[in-house]
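Every chain is named by a letter (A, B, C and D) in the order it is written, and numbering of its residues begins at 1.
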């Protein structure tokens, strides 16, 4: 077992990838969600159809792309569509199973802010904005959020509600949050190896609910970890 | 001069073709309008962009196609677009200069019926219906109608108003009707060689107005006629 | 992934009596083989949807498969009338057929709205025509400019049937040449059947090629020459002589019925 | 037919102070050369429209060309913030910039409505977000189902600028790879300028190729590597290292200004 050797970020990526085992298609942005989805094709779901908002459907990147429009994505895609068609014919009708989203802020219901920190008209930090996220979140049946676990990210109240989402899982570098079936509040259901409930509570900006049957995620296997490291090194 | 040898239909086609001398692009259906527009490329406007509602833009048919979707149209087109794009991005915004339309009935304002003869719910003759005509007529800056001159076609009252059109010219096998600038009523402005005003009046279902400066169309030249006959014979 | 199955099985599974069925193909790639299989299987009470009914729907109407027809142009292009279409509408033969007609622009936007899973599409049209009083169109006001625009309801057929040049073994389909509204028809429908000229190991991207992934298709069936007398660009030619001959074959009820018996009902192959 | 002209002349003729300008290209085919020429010619008070502002609009904003920005995602993809974009919005440097932001779906439908010359587009979106209170969106009710849908106003820029792989001598343009919203941008605008990698005798149809005819384009200008550090599929590579380096170059106002002086203002070529 090389789980000890895995960083928290690596565990997060691998746990996110595992959640794509049954998905037919996954909508992804850049960064960790992208790495996780590409990894999923290598370790749990070789048939997974990767969809980028640039219009590439069924991309098979060998390297992790820097942008969602790198040349390799178009070159390896099953087909490429204009942006208007992507949103109207593919996302809005719910043809893509899973959305993997990131965000600067996540609230306890799983809604997301990627627009602004501080006041909209006099922002402390202007973030990139909505991009495709709002319609991707409502269009895809299953939404998963991949975000770093910190009080800056998991906030009591969003500075701006960019994306109304009800994610079935939020994968952090500490564990996994899932909605409480009673009221939808994000609840700690799994901890990554070596992480304590206290650490997760400390890193959450609201009083974090913990599931009664809290489990630990399975540590990354040798194969998972080497697949991830090989992918990142390309 | 071989004008004597030209049939009324040939004169009609040639006169229609001449009207396309300055057009950049022309939207055409099948039958005589199609023949006229293809002829226009041969005799007066080699750069004319032929557009068919099947999605072929810039088609260069060598033969007169039977349908608006014959393989040669796609094979020779500058580009081919889906039907939705054709209507939304090309016709509706008025990007095509001229529409060449036919119809079963034409009224004195130039509106067209291609839907039904008799009552809509108990038709005497069910015609094909609207097709692209209504939006082509409102989308194109210039509309020209090509129709056989008869009382069945030029009627006092349409059985059904399929296409609201205000054609700048109606080219028949007897002459040319153009809207009276005062009230838009179609008025006989030109007669084909050998045709009398009486013949045109006889063949019109309303009291046909005749322009004060009624002229005769120039008879087909040798070149025009041989170009048309060669085209038809292909 | 779309299953690759026999055409007979695909039609039996996907097309039911009473269904709203859209067989598309704008002059090009008309799914004749599949339509003939629908006739052979004796489907009834269909709502047939198609921009340009053409010979195939003339045959379906003449064989009494439909209770309703939704269309925008019912002619034999370049030839004249569709006699079975006319007989059904003018005389209710062999069964009465209700019609709902639109313009091409209206139908195209109805498919586009269906493919986008929107309830309606908007366009500039219908205003000032008699069609307004005889079809399903409403008007909406632009909230920014106050302009009134036509609103047409989305098409959401139970099943779409289209023909294409080729599919790979996982049921991904590619078509090229005149693309028509096939993609929209497939994406607007609850179920989709695609017949293809051939199966290939790998779809080789083509100029003008439109790919429809297997995961939005229910079944792919091989039907060589399955568009005949229409055609599959680069692979088969449009049989213009047959389009002309149809004018005679279809003019008389008995001649028509005899022809259908011989060429469709008794046939087991895929082309007429 | 589009005239084939020098980039400098095309920008001088087509882009005026105060214009609404849409430079499009979704990660791919971003018209950097043309944007730099706009900067060199000192255009001011522009309304800059673009789904993904990216480095090019960071440069235009930092050089004080814009009074207004219309966008849906203002980040350096895969790298982080656009520092000049942030500085303009957060601190009004070098000039205050008004913003109007949308989601990608909203912007895409705004372009599509513009290309169709419709006054608005409809989609399922905006509802329940804070964006509703900070942007130009209204709602319409479906006249068939009663469903409420978001309505976004059409984009109708004064001028659209896009980059493509090639044009023929009559100004017909072909691009392939990720097509983005370039076609819609050109068709929605009053005037259009296309820069191309090369002029060819004849456009050879390509898989995924999109042709924009010369008769909807005002000017075509040759700008080899004119998308750099973005790219032209099959012809040039995206310069990902430069995208990363921009994070440092652009972080500080003076560093940025110095870099622009050296690489854009003093340059006469077409690439930075």
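Some notes on this structure:
As a working rule, contacts are C-beta pairs under 8 Å (C-beta built on N, C-alpha and C of every residue); 3 or more make two chains touch, one makes a residue touch a chain.
From a predicted model like this one, the values you see are computed outputs, not experimental measurements.
Shared contact partners of subunit A and subunit D are C.
Farthest from subunit A in terms of Cα centroid separation is B. Per-chain CA centroids place subunit A at a distance of 41 Å from subunit C. Annotation: 59 Å between the Cα-based centres of subunit A and subunit B.
Of all residues in subunit B, those touching 2 or more other chains are 88, 92, listed in ascending order.
Across the assembly, subunit C contributes 112, 118, 123-124, 183-184, 208 as residues in contact with two or more other chains. Working note: touching chain pairs come out as A-C, A-D, B-C, B-D, C-D. Listing the residues of subunit C that touch subunit D in their complex gives 118-120, 122-124, 138-140, 142-145, 147, 149, 151, 153, 205-209.
On the side of subunit B, the complex with subunit C involves touching residues 30-31, 53-56, 65-71, 73-75, 80-84, 86-88, 91-92, 115, 120, 123-135, 138-139, 160-164.
On subunit B, the positions that touch subunit D within their shared complex are 24-25, 49, 57-58, 78-79, 88-89, 92-95.
Against subunit A, the residues of subunit D that register as touching in their complex are 26-28, 51-52, 71-75, 77-79, 81-82, 85-86, 89-90, 101-105, 108-109, 111-112, 123-131, 134, 177-181, 183-184, 208, 210, 231, 233, 237-238, 240, 243-244. Contact residues on subunit C toward subunit A in their complex (touch as defined above): 112, 115-118, 172, 183-184, 187, 211, 213, 215-216.
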